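Each chain gets a letter, A, B, C and D, in the order it is written, and its residues are counted from 1.
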Amino acid sequence: MTALGIGLIGTGFMGKTHALAFRSVRAVMGDVPEVRLECLCDTPADKAARFAAQFGFVRATADWREIVADPAIDIVSITTPNNLHAEMAIAALQAGKHVWCEKPMALTLADAERMEAAARAAGRITLVGYNYLHNPAILHAKRLVGAGRIGRVVHVRGWVDEDYQADPDLPWTWRARLADAGLGALGDLGCHLVSLVLALAGPIESLIADTQIVHADRPLADGSGRAAVENEDTATAILRFANGAQGSISASRSAWGRKNRLDVEVHGTKGMIAFAQERMNELQLYVNEGPKAEQGFRTILTGPEHAPYGRFVPAPGHQLGFLDLKTIEAAELLRAIAGGRVAHPGFAHALGIERVIHAIAQSGAEGGRRVTLG
Amino acid sequence: MTALGIGLIGTGFMGKTHALAFRSVRAVMGDVPEVRLECLCDTPADKAARFAAQFGFVRATADWREIVADPAIDIVSITTPNNLHAEMAIAALQAGKHVWCEKPMALTLADAERMEAAARAAGRITLVGYNYLHNPAILHAKRLVGAGRIGRVVHVRGWVDEDYQADPDLPWTWRARLADAGLGALGDLGCHLVSLVLALAGPIESLIADTQIVHADRPLADGSGRAAVENEDTATAILRFANGAQGSISASRSAWGRKNRLDVEVHGTKGMIAFAQERMNELQLYVNEGPKAEQGFRTILTGPEHAPYGRFVPAPGHQLGFLDLKTIEAAELLRAIAGGRVAHPGFAHALGIERVIHAIAQSGAEGGRRVTLG
Amino acid sequence: MTALGIGLIGTGFMGKTHALAFRSVRAVMGDVPEVRLECLCDTPADKAARFAAQFGFVRATADWREIVADPAIDIVSITTPNNLHAEMAIAALQAGKHVWCEKPMALTLADAERMEAAARAAGRITLVGYNYLHNPAILHAKRLVGAGRIGRVVHVRGWVDEDYQADPDLPWTWRARLADAGLGALGDLGCHLVSLVLALAGPIESLIADTQIVHADRPLADGSGRAAVENEDTATAILRFANGAQGSISASRSAWGRKNRLDVEVHGTKGMIAFAQERMNELQLYVNEGPKAEQGFRTILTGPEHAPYGRFVPAPGHQLGFLDLKTIEAAELLRAIAGGRVAHPGFAHALGIERVIHAIAQSGAEGGRRVTLG
Amino acid sequence: MTALGIGLIGTGFMGKTHALAFRSVRAVMGDVPEVRLECLCDTPADKAARFAAQFGFVRATADWREIVADPAIDIVSITTPNNLHAEMAIAALQAGKHVWCEKPMALTLADAERMEAAARAAGRITLVGYNYLHNPAILHAKRLVGAGRIGRVVHVRGWVDEDYQADPDLPWTWRARLADAGLGALGDLGCHLVSLVLALAGPIESLIADTQIVHADRPLADGSGRAAVENEDTATAILRFANGAQGSISASRSAWGRKNRLDVEVHGTKGMIAFAQERMNELQLYVNEGPKAEQGFRTILTGPEHAPYGRFVPAPGHQLGFLDLKTIEAAELLRAIAGGRVAHPGFAHALGIERVIHAIAQSGAEGGRRVTLG
């Protein structure tokens, strides 16, 4: 296979992570296709050019449609603001590109559905940036659950919190407007938590929920007054899973002190697994076995026993970081392309995540009415 | 004031803690009335006598009505199974005794209401055994919240978990029968969590909830078959508080590895407080102040700065234990009696806790319907 | 056996803990002799009387020799400043009393040796207040080590730190004068650490050490100038054990933020045990067994499986506190008296602890010269 | 500046980390010179070729002297076994290359001194792979110490532990032979700890130490018998610093459960800093300020406030990993080359680290005699 050409749209935080992942993935993994950093897109053009030089792309453009049209490009990475995802992804798919799109898929469920339909129609590989799913600790948790190590899953809990909207004096931004940002904490954070919960406990059947705007309005940056916050600062749901388990999840973007909290705990009939992203190289495991006097939660430090950790570092306890998760994600994409298989989580799976967060928003809007998922 | 005569009904775990608290409270605190361990009640009589000798009571009886009728007794401690609380407490109150009753108040809300009415009618001091409220760490958290240290409270979360019903092979007991035990995890554990949440965020206005029976039936101990589990193993609720805050709480008696987990976190507009009972001598505090590069959760080890810790140990970090909480609780009772003031939490306050757990059960039974609290 | 009469000398922190332990021990344990709080001694007399009332002693005195001479007293508890221990303990032993003495035994090794000789001559039961040895977590660690659970012990490390002398502006006190206080951090803190290390790894054969005065002088409280600090703020030693293991220990009374840190870790050929007193209800255990992918340190929460925890609370994870350790210690004393056996750690064992801390001081004074223990 | 040509010798763990660092550093940092992965060396030739393809090098060779002689190469990265460092580094320096060499510098102090002399003579930039020094948490700790945030440093402690030699049944390897491996735990692990201690407390004046071979011999892999372990499994030293502080450090390669433990704590007159590499994105800080009731160790999660974290991820709490430390290290090298300044830690500084670990070995060999450093 000749090297796969990469077109990357966006040079912000996520754009950088995609660029770095593509730069590292083959050196780390060995057994993935080669890539060629073909074209980087941002506006204005000089910004695109500057970042192309920094990231090591061959070319730069200010017009994303050039990337979509470019025959030298096989994969389009979309890391733009969420309201642009749908148009770009659909165009790329229709042009026959594979698409790696950041989460959430879109502002509205309808857009996400259109994206999924386009992926199905195009038969191309898609991947949505739920990077935490690729953490070796989470992959190991999935294996443990799958192997019945904690018995039947009966209950799940999770929290995802940051504090970037905790300060009441923070100026109003587009993030607070429904039309621009769509969902609030659910779209930014909640969807990550849902991705973990689905991975560890399977599909959700129904839920009840509540949402909350913590700061009703915020000062305008220009001092001209205040503007309303239109989307949720927190969201909480109580879940019923298809397998009979129950659980609850909660998201907040106004939780002081939490920087990237993403905690999940899985209660089984034989044991418990707990994970906290702020200590992403640790997995907590309790199993009801051996002498009672020696039972306790084990802090498992990830290492070569937890694939693909060993591709990065052959010694346990040395720690992977956030960027390494994106490298694993890129490998998933490249291997799926090379192997002609579905990448996980692709648009079809990610649409399921979108359905959950929109169901939470809907239940919240309707006072906690039970919402059933397809 | 002459020494207050104590009558204690029950010699189990809680009975022992009451006896120990009464034995220690004056030596620890200094400024509380003297007590006299007058009479201990349990059945059969020889068991009562044996424990009276161990606990240092003057006399023993197998008839709790003797205690209620005894003019030498000023305070009746009720630590019997929950289905007996109402009758005993009401009789004691009507006989003019002060009453210290373990939680939950009763099996049914109606019984709890009768108890509260009796307390009001009698004008005696009542106290319900929500021991965790008396933890110096929690008292400090209340002071911090009250002083606005974390700003306005906007969100609250809590979990209370144990694993005493986690094993699917555990034999069926009376704990699983509604008629004997009333609520399941809510009555055993959830009420403690509610007590903390009310203390830190104030009254709850409405809620939606779900409950779950994890193990539908259990083997009978005599091997003759299986019997149904009638009350909830887990319960989860999403709360709206009177002050506009939201939050969620969850209780499980089937959570492997959790031995006495009782966690609560209070999100404010300026900071966050978090507490975990399994590390009961620590309080986590984050405040948005000082250089950003130095912000982080502080692990405050309780010490003499956190009254009444210093009455036990004059040096920080030396740790109080569970039994010490009961000693603080006993001091609250004795001081309320000496001062002619209400003890906290008395029957009136504890009834509010009962209302919440029964509202959770009701919402759960009705598929998550919103239940409004008085 | 008729109730044992208790005479307690001292009403400070430790005096209070002895009083409370004696008040609780039979109610907690059941199977220990009854005690009678006979006489409390402190100066002046009204202070003794006030605390006798608070602690529940029958009588009070300002003359400790009255206690030693009193035929109604069987056990003398010595909780006075360390420079008084030797005279009181020897007098009590010579009068035929059992003696419970706080640590360290004495200011000088010579005094400690005289105390041990007196105990041997008197044939009475002695106990020295190394309360941390009685922690169920430590008792369990000893059992695990003894049973070979972590293989052969090959290395040991420990730290004991507080911050009561960390502030450079703290006024000078008698604690800083050799003649009054004897050793510094070694006498206050180091001896506790040595007690744990000996319990878990056996006798020490030789050591090299260094000591440090962090704050050379301190302001006099009356503002009249500054006075020299004569004893060590920190002490560190590298140990060789009789069994071939090595290890190191370090003590500081000038360690900001450490309130009652007493950490020890035991390295074995099959596993590791680690303990931290500031989380005294937890024991960390790692064993090289089972799948590598599931290995990790287990946080064992103490519970009824770890005797005598269950005597206090029948449920795991509920936490014992510092005072409970003194209750276990009192039970050890009473059982030894009842059973006519040596109490642990008695004067003979505690003398071994004294030898180690004085050897550390000596090596430190001589620039780190290797000092061999008997 | 035209792109700097890289020649990398070695394709093991460290070789891979260098390759990845060079691939990422400009994309991450932006403001460092471009590099060109010119030639990769390993034996045999096909292995070199295979890894050159994986890592993205232009060419491969099995002869390291080709790299040294290649005019297209500006920087030589040496990641071979330690006994080869000296010859390669000296040759590269003499050929006018800049050198990035993994730690420790060499097997013997004499070799390290020759390397340092060669660097001085050549006037080229050198850097030794003490990657943990580049952790933003450690850089921040240095800034805090430098700014007097914890007052005067008075005491330092550290531990570095792994368990790769803990299993008594592990076969004998070259690691156990002095002639091949030089020092044991000191060379592998201890030098990292020394690098941190020097960074935080300055130069060491003298020390006393002990070393230990835990497993005297090990089975030969071919089953033909057992061979002696010649170098230390553990090493411990008590340090005196030039600034009057004292401290202690200990290293073990036989510490079950420790995977990459590298802990250091710095005691100051106003506060304490503590760090643990197994939680490398956290820094513990205690300062004696503000209300006593709110004092506690703060867990600072690294973020953009802690340069150069923000170059990787603009959001706090997202975690850097081990590989990111190598990227920061590479940036240090490239910036030093671009700026014509010394890189830190270069050969001169690293020689100081070597002197310390060899002094520890020497003191250990001589029964703990005090060894003075230059």
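Just so it is clear, a residue touches a chain if its C-beta (ideal position, glycine included) is under 8 Å from a C-beta of that chain, and two chains touch if they have at least 3 such contacts.
No experiment lies behind these values; they were computed from the predicted model shown.
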item	value
Reference chain C; chain at largest CA-centroid distance	A
Same or different residue numbers at the chain A/chain B copy interface, by half rule	same
CA centroid of chain B to CA centroid of chain C, Å	34
Chain C and chain D: spacing of chain centres that average the CA atoms, whole Å	41
In chain B, residues with contacts to at least two other chains	258, 295-297, 301
Residue ranges of chain C touching chain A (in the complex, touch as defined)	140, 144, 283, 285, 291-301, 305-306
Partner chain B, residues of chain C touching it in the complex	13, 16-17, 19-20, 23-24, 26-28, 30, 54-56, 162, 164, 258-261, 277-281, 301, 303, 312-324
Sites on chain C touched by chain D in the complex	150-151, 154-155, 157, 159, 166-168, 208-210, 212, 214-215, 234, 236-238, 240, 246-248, 250, 252, 254-258, 267-272, 286-288, 295-297, 367-368, 370
